[in-house]
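Here it is, the structure in full.
Each chain carries a letter (A, B, C, D, E and F) given by its place in the written order, and its residues are counted from 1.
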Amino acid sequence: MRPAGRAAPEVRPIKLTRHYTKHAEGSVLVEFGETKVICTATIEEGVPRFLKGQNQGWITAEYGMLPRSTHTRNQREAAKGKQGGRTLEIQRLIARSLRAAVDLQTLGEYTITLDCDVLQADGGTRTASITGACVALADALNKMVADKTLKTNPLKGLVAAISVGIVNDEAVCDLEYIEDSNAETDMNVVMTEDGRIIEIQGTAEGEPFTHEELLELLELARNGIKTIIEKQKVALKD
Amino acid sequence: MRPAGRAAPEVRPIKLTRHYTKHAEGSVLVEFGETKVICTATIEEGVPRFLKGQNQGWITAEYGMLPRSTHTRNQREAAKGKQGGRTLEIQRLIARSLRAAVDLQTLGEYTITLDCDVLQADGGTRTASITGACVALADALNKMVADKTLKTNPLKGLVAAISVGIVNDEAVCDLEYIEDSNAETDMNVVMTEDGRIIEIQGTAEGEPFTHEELLELLELARNGIKTIIEKQKVALKD
Amino acid sequence: MRPAGRAAPEVRPIKLTRHYTKHAEGSVLVEFGETKVICTATIEEGVPRFLKGQNQGWITAEYGMLPRSTHTRNQREAAKGKQGGRTLEIQRLIARSLRAAVDLQTLGEYTITLDCDVLQADGGTRTASITGACVALADALNKMVADKTLKTNPLKGLVAAISVGIVNDEAVCDLEYIEDSNAETDMNVVMTEDGRIIEIQGTAEGEPFTHEELLELLELARNGIKTIIEKQKVALKD
Amino acid sequence: MRPAGRAAPEVRPIKLTRHYTKHAEGSVLVEFGETKVICTATIEEGVPRFLKGQNQGWITAEYGMLPRSTHTRNQREAAKGKQGGRTLEIQRLIARSLRAAVDLQTLGEYTITLDCDVLQADGGTRTASITGACVALADALNKMVADKTLKTNPLKGLVAAISVGIVNDEAVCDLEYIEDSNAETDMNVVMTEDGRIIEIQGTAEGEPFTHEELLELLELARNGIKTIIEKQKVALKD
Amino acid sequence: MRPAGRAAPEVRPIKLTRHYTKHAEGSVLVEFGETKVICTATIEEGVPRFLKGQNQGWITAEYGMLPRSTHTRNQREAAKGKQGGRTLEIQRLIARSLRAAVDLQTLGEYTITLDCDVLQADGGTRTASITGACVALADALNKMVADKTLKTNPLKGLVAAISVGIVNDEAVCDLEYIEDSNAETDMNVVMTEDGRIIEIQGTAEGEPFTHEELLELLELARNGIKTIIEKQKVALKD
Amino acid sequence: MRPAGRAAPEVRPIKLTRHYTKHAEGSVLVEFGETKVICTATIEEGVPRFLKGQNQGWITAEYGMLPRSTHTRNQREAAKGKQGGRTLEIQRLIARSLRAAVDLQTLGEYTITLDCDVLQADGGTRTASITGACVALADALNKMVADKTLKTNPLKGLVAAISVGIVNDEAVCDLEYIEDSNAETDMNVVMTEDGRIIEIQGTAEGEPFTHEELLELLELARNGIKTIIEKQKVALKD
């Protein structure tokens, strides 16, 4: 039995609160159950040096956790003097995932930075971040069209992400912390709204997994993401 | 005329939301108008090395701003690889202020870390942090008494802080960002609930100020803090 | 047509030279075509702090590239003062992959560090690293049994890795640099010798990919890894 | 009774030795009793990026302590790899204080850096630094006028600083180390020669202090600074 | 008796393998007995800022050791976050030595970076590095002439280096690790092919040494370097 | 003709002021002409980890330059966040040189740290540092004997250092800055009072130098050091 009596394919209650803070061009509080992340999108003119003069834009991302977003306090990365490997890995994943949602040529020479800061962690912070960042990004791009910075909206479609895994020999969707820390296999999947795959990252924490298990996990992920993208669409209509 | 039609001695609407996140022993969202800071208190056994064996506790603090808590995005300190001078100065101030509220001998060999993370900045983030951190600290200490970790509550009384300043030749209380960035003089005051001073930090940003102006600012601060401490008391009663 | 006339499912010539340097307990030069990586295994007594007293061992990994292992010179990470996100991501992957090959309880309180240093890069350095590190690890563990440090060999089986991808709309196995830099999709797969999956990391660099493409890539990976594990077995018999 | 039989309002013997080292445009050894600080002023063309094109100059400051300027050796900050919070706080204070002494428009696009390096510490190093740096700054500005770099001297007047505090329930002026480490309250005040306040920073190290105590400390500071500014004037006349 | 029965003035077998890796403009594996170093030369347009507009080139060097090039594993400098003092000292020595071999005016505004990475250490890594780097540099410069980037070859002559020392009261040439770690005196000498001295660095590890011992060591060095330069010439003829 | 009309073998006026600051166990201001360095010796119980339990002591050193000790201002290393290669090289040299002066077994488990901080630079700061640090060390060791911490003085004899070089084709002793920056060859020599060599570091800045030139430089160094050691002896007698 899963915590809170959830069925294996069931995602947690998902909530997307737009305009959560006032300065950013896009600002979304995303909640997957007890996991809460602020995602902001910042538009800046110009592109990183390696893209100069190529007539295209860039999407980048940064990720952080408040020190006490977790059960026990984590040392603040700014105080440690560097971002850890997990942080860098997650923010690279977020950036890649969102770049897949945007036509960078249409964006033109602008950089959009997606900051995902975890207020409260309960499993799935990276997939919540991608999901929330996509809505913040959509808001920022809509703003660029509305204020005539851009003629065409460069958003190619929504993207969302979910974690799936094998816990107690059962494939389940949207793991919360207690499940995540006991998972034999943990997989994060990022998909477009038409069901194509942007990223798949599966790790055998305990025993290696079989091809059949992989297929089962993918099926769960596909359905979970479908549900989440519905939530994004509703949120963006408000 | 001040923004939002405030009178010179008037503080902004102040809101203290306790139990804002679930993991920390104390967790408060403090709002001074549009300035919003999450303050969490974390209890850990043991003390820093320089206090070992002295039979007393320690209160420390860390401060950070989300990159897009401000009008334009600030570089993430974790990515830069160090905390700036302003950050270090503020977190040292928060820690000193809260240590003045606690009997460290009664606390015993525990360390309480106050994390103040700014979600949205609109002036006065350091004074809001001190004010919110005091409530988070009170919650953490109450918890230690409730679960019998401590017999006596080491809290000596509440502390709160306010910024005052001279803007357009007028002494005003609780500056918001637009005022702060035009202030000739900016002063932060931290006081106990019985009106004694813990910290006073006044800076002439433009012209140096006179003794009379200092007295006028102090009077504003004293009244502002009185109002704020009432809010803390109400919040702690809920 | 692929470079060097390779067929889509064909892996490059793979060479594993054991005892490549003399100090390490395991030392292997692994070559996947023109990609060359030195993999060494170092045995040290003791385990990291978070494992103390748990009666088990640990496998960790570090990865680096010589500054001129690439077409143009990369800045030396030691001179920059930090390891980049890509480096950290790869060394975390190597470590996780190899931990899946070892029974950490049987290993006991020893730490084995796998250093993978790229002498020459031509695509697939991370999968070559995992493949070579597994042989270096096997040598180190055999040595521990031979000198009676361990009674039982904790190696559960061999692991190997391969990159697969979609290049010019065709799914191909073991991408070299020129292919890798033009791939629409890039996927790294790590498997055990009995064909189960340890890691799967697929990224749409260009267009998102379909479920069918994923299955096709997995099939290529499975066959490639089978070939590579044969090479490992031959090398270990010499 | 104070050490060396000083009366409560009495400052220590103050000595300002100009031209202490030969390369800097201004170079002063300042001594407040046993506290000794070298203050140098360096003139450089140009201004920091955030001031480019605004037709004004800039004053900045850096502070350091020789490792064995103190009773026991402090770790060298260059070896630690970062400046501590106390150092950053002090150098920010020195810079703000001296900027208040200069008309930055008249200075034009030059940056003057004030380096304050403590050779021997015995309390009051930050206030000695401000006092000495002001003389070094005056020398540098006079030089700019003398060599016709500037037509008008941008110095608006002298500034000086003193520490005051409550030790053994008595308000005293210019605390030396043994007093400082036992003070209940410690306050640093920076003033102009016409008695206006540039900075006031008061901290209750032990018990919070009252409004009356604050007034008493301010009175001591005002008189102390008057004495010090006389010394600066005499030194600048030599 | 020396290890491997070497006579006091005898150098170890020296091997220089050119074109060891494929991307660099010069790439040499140098072996002094069991000491093995990859030396690559990278040509880049432009010069460091302090040489801009002076119509001359620059030669720089970086040095590193693979973590397990030594008997016990050394922490990776990239992971530590900085290059140690020994590393910086050696790479400065390599760069100075090779700059003495080149007419920087003739080179023009190009920078050549020599990367020396130790694969296996058995004493004398810095002198092997200089020796190998000179051959890599010669290859890079020949390439610049061959492809008409330069009209005249800026190489003024070959340079090579050797370590000499006093071990068990006997002056010996080309110390291997076991000798080096027991040497009373250790001296590194860099010379041109016409026998002039570029660098001499002698250190009394145990007892200070006499003028006569210095002369004896210099004589050994001179002969050793003669032998090595012959090897360089042979290698460059292949 | 040399600056100030010095003859080729003549050293600058050398001054050693003991007890220059009051906290350190040894504190010396050393002046070689216009070069001025504060050298302090700090005694601390215990030894670095690699010497634990070996019943011997340790001598270490740190070196720094005040930012404006030089003609133009150098960036403060503490602000840059690391010590440069030149600094590390010099402090390693100072430490090795002074270790040669002390019987570490007799010292017992104490560490003496020599801090050499340059107040004013005019050539020869490293050799002045070694010379001054030796006197500070002697004072610290005498103090340990005087207060019965040690029974026997572990100082084996004095050590001193000088720079020599070839300037305008002439070999000269004790180069000041203007000579140093034009030297073809620059050599630093450290010797014991009985004329044996501890360190010799010669560098051809311009043309490589001959064996005969080396001998000539050594002769100058030997005589210069003799003069300096006399000064040390006189200073220590006061």
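Just so we're on the same page, a contact is a pair of C-beta atoms (placed from the backbone, for glycine too) under 8 Å apart; a residue touches a chain by one contact, two chains touch by 3 or more.
Only a predicted model underlies this, so the values are computations on that prediction, with no experimental measurement involved.
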With chain centres defined as mean CA positions, report which chain is farthest from chain F. A
Which chain is most remote from chain D in terms of Cα centres? C
Between chain F and chain C, distance of the C-alpha-averaged centres to the nearest whole Å: 50
Cα centroid separation, chain A vs chain C, in Å, comes to 28
In chain F, the residues touching two or more other chains are 81-82
Given the touch rule defined above, the chains close into a ring; going from chain B first to chain D, what order do they follow? B, D, F, E, C, A
Complex contact set, residues of chain F against chain E: 82, 84-86, 88-89, 91-92, 96, 100, 187, 191-192, 195-204, 207-211, 214, 218, 222
Residues of chain D that touch chain F when the two form their complex: 21-24, 27, 34, 36, 38, 40, 42, 44, 62, 64, 66-71, 73, 76-83, 87, 113, 115, 117, 119-121
